[in-house]
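Each structure below is given as structure tokens.
You will see chain A twice below: alongside chain B first, and alongside chain C after that.
What follows is the complex of A and B.
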């Protein structure tokens, strides 16, 4: 017998608002459908009303975890529109922050995976180690979350010798800790048993459903924007694209731990080969009419910004495709034929950032099944009408004793 | 199964005697790093009224108002409730009238209390 169950948009298992409608056969999910549109923020429309300089800080606020990813994607796109060649030292520092951000994002993900798998001490350990990276970022950029490091033509702050030394010292500790996590994987059968075989996504499905980032690489596809279409200084840094062949959540964890070790090596290389010279060049304020498609490998996967300029100091259009959106279709595939109890783990494995991905408000009429797009004024009229009809205070209700 | 627990023992014992990672915040305060972006501070005497900061501020948190009609004197009003502490004004100012302080406890009961005027 089949049941239809709705999970979310508000549910303790989900960290953000997303609605999942499932057809169940006992404990097994036979069919699943995702409904989006619960956390619309109107960032793209807002970007059209701001200057390019103001938009750096707006794009930074698309996501809290990959704040540097979105600004770099935007900034390098606008630099192409401006036909501006950024300072080399600036590019090195930009790449350094990007890798530090990847380290903190992957450590955060490992903790979340540990928590979802019921391995709470692992969560405590990784998040404690993550503080080391957060402190480095705080120290070199001036803030823990929104680094505000990027600007057109380079970065806003330089790195001195003392900071270099401190980062290199911290790297030793982080490398040691990450190797310890690899050892935990080999010695903790319950953790491995919980992750193995959950959320299967075959190589063919991963390619067909356009999965990105660690989700794709864990299905054995060595695709990484840093290697395929190098931006910043990734063509000068030696690194390997990490993959796993197990096609499950365990593989996604392995890919992330391997990427952590690669990131440490890259940070060391970047610091030791930091070129001298200016860290930023002067950028024009107005941009010639043109359009650009900018790609960036965020910790979660490929991040895409499409920017169109019209000759003024404001963009004509900014389109953001966050990696989570690309992974949704693959997530539905992963959920099918899995258990209900695996939903939080499978969702956590794509490292979802739902409010980064949402771009549209769509209202569904649950009775007629129709869906339509409404304007803001229509929404407001609907809300006002609703509250006029609803008797919130219930003045006629009396205490019966 | 017992030999599988052994890799955790040193870690467990180490964490028993380790200093906690957290601090008792209101009583103990951690020092902010050098270059921390706290509140914006403006030296209004240096202001030439070019309005670059007003145009560049992503949060529209800065107002520059001319004080006297005869002299080139300006006052700066910072709407700290809107400020996102990005320090773009510090970068944009041609006369270096701005800097950031190390203040991070900026909560107030009303957004009007957060308005700061620099003359």
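What follows is the complex of A and C.
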């Protein structure tokens, strides 16, 4: 007997609100379907009516967490169209903000994963540490979310010696705490047991379904735009591409923790090797007719902008593909043949741009046929209770570091 | 294999299937093909040169024609594989049988440009709302947004 369960659409104020509709057989998901477009704002059409400079601030508002990712992707593309060589110090600061953004996004994700797995104190710890990064970003850019740092030819604000010192001091703290979480993770069998084997996505499927970012890297594919197609100053910074072979949610957590440690090292390198000189150069207002394809490794994966110019001060076409869209097809694959209790965890594991929505779920009781509406938090409690009762062999799984 | 070697290979092995190829920028190759040859070229690029990752499909309104660009990446190079389809008969073949991950991008093209994707496994709307009028394609250049007059239910 089959049942249809819908999850979402959720909070209308959130970017990429999504409705998941699942066909269930008992507790097992047999089929899943996505319905998008609940927060489609027509940004691509709007961009055609704005000048290039106005579009920097428009692209910034595509996403609240990877706001710097979208502007950098747009700005570096338009710089190529303008045949403009940006200031080196500007590029270093741009990369610094990008890595700080990755740190705050990954810490946010770790907290969400901890919460979905029922490890609430982990959520409290990582979100406390995320505030350290948010404060740094606030201090050097003036804003917590939309940093507004990028401009054609460099960045809009310089950083001074005092700010450099404060970032380096905070970095020591963050590195220590992240290592502490690694230790907790390695010695916490319930956490490992909850994540291991959930949301399997084989290497072949991940490639065929064009997954990106940590989702793809956790399936053992070392694809990272920063290495494959280096932009900004990534060809000068030493770093490693982090992968995992376990193809599950645990692997995705491992990849992100490893990336955090890499990011701390990169931030330290960027600050210690920050070149002197101007942080921006003057950019022309009009752009020759041409096209450019710009790639960027956002915290969630490859972010893509295709920009076509027509000789005026406005773009002819701006195509944006945010990483979450690329991971949706793979998410459906991960959900199939999984448990309904794993939905929050699997869906959170791709790090969609939806994290604090109070979603509603309609559940049909397979025995009595009666329906009831549950809130997302109730569903999570149910999931955690379910796993407390089940005797899982995988509790003996080891943290694969 | 770097972009130059890939460019040489494309120009050597499938020259009869493509219209033109050029290195547009560092690590970017632009390839133009006929609509009918798209699947064959895509399969060649995927199987022989490991272009397994389709980042997205962009549509561009050129007036008389629509340009459809498939952005394919491997570990060194990105190929912008482009086809033209006339506005009078906007049909493109579905590439899902070669790259299953293309489904969402093809559905988006159907919504936004009114392109008819032949043999698409799932032709439903993706982004536009359920009560969106038929025949309105927002990303076409001749489509302008006119805000409808606000009607307050029960108002005057």
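Going forward, the second predicted complex is superposed on the first by the 346 of 401 C-alpha atoms of A that agree within 3 Å, B and C clash if a C-alpha of one lies under 4 Å from a C-alpha of the other, contacts with A are read in each partner's own complex, and residues count from 1 in each chain.
Quick note on the criterion: contacts are C-beta pairs under 8 Å (C-beta built on N, C-alpha and C of every residue); 3 or more make two chains touch, one makes a residue touch a chain.
What you see is a predicted model, and the numbers here were worked out from it, not measured in a lab.
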### Query
After lining up the shared chain so the two structures overlap, which partner does A:51 touch, if you call chain B first and chain C second: first, second, both or neither?
first
### Query
Does chain B (first) or chain C (second) touch A:317, or do both, or does neither?
second
### Query
Between chain B (first) and chain C (second), which, if any, makes contact with A:326: first, second, both or neither?
second
### First, second, both or neither for A:286, with chain B first and chain C second
neither
### Task
Classify the contacts of A:223 with the two partner chains as first (chain B alone), second (chain C alone), both, or neither.
second
### Query
Does the superposition put A:30 against chain B (first), chain C (second), both, or neither?
neither
### Query
When the two structures are overlaid on chain A, which partner does A:148 contact: first (chain B), second (chain C), both, or neither?
first
### Message
Going by the contact rule set out at the top, does A:203 touch chain B (first), chain C (second), both, or neither?
### Response
neither
### Query
In the superposed view, which residues of chain A touch chain B and also chain C?
none
### Residues of chain B touching chain A in the complex
4, 7-8, 11, 21, 33-37, 55-59, 84-88, 91-92, 100
### Query
For chain A, which residues count as touching chain B in their complex?
50-51, 53-58, 61, 125, 128, 131, 135, 138-143, 146, 148, 151, 156-157, 180, 183-184, 187-189
### Message
Show me the residue ranges of chain C that touch chain A in the complex, using the header's touch definition.
### Response
24-25, 27-28, 52-56, 58-61, 69, 71, 73, 75-76, 78, 80, 99-105, 112, 125-129, 138-139, 145
#### Entry: Residues of chain A that touch chain C when the two form their complex
36-37, 40, 42, 44-45, 80, 207-211, 223, 228-229, 291-293, 295, 302, 304, 306, 308, 316-317, 319, 321, 325-326, 328-330
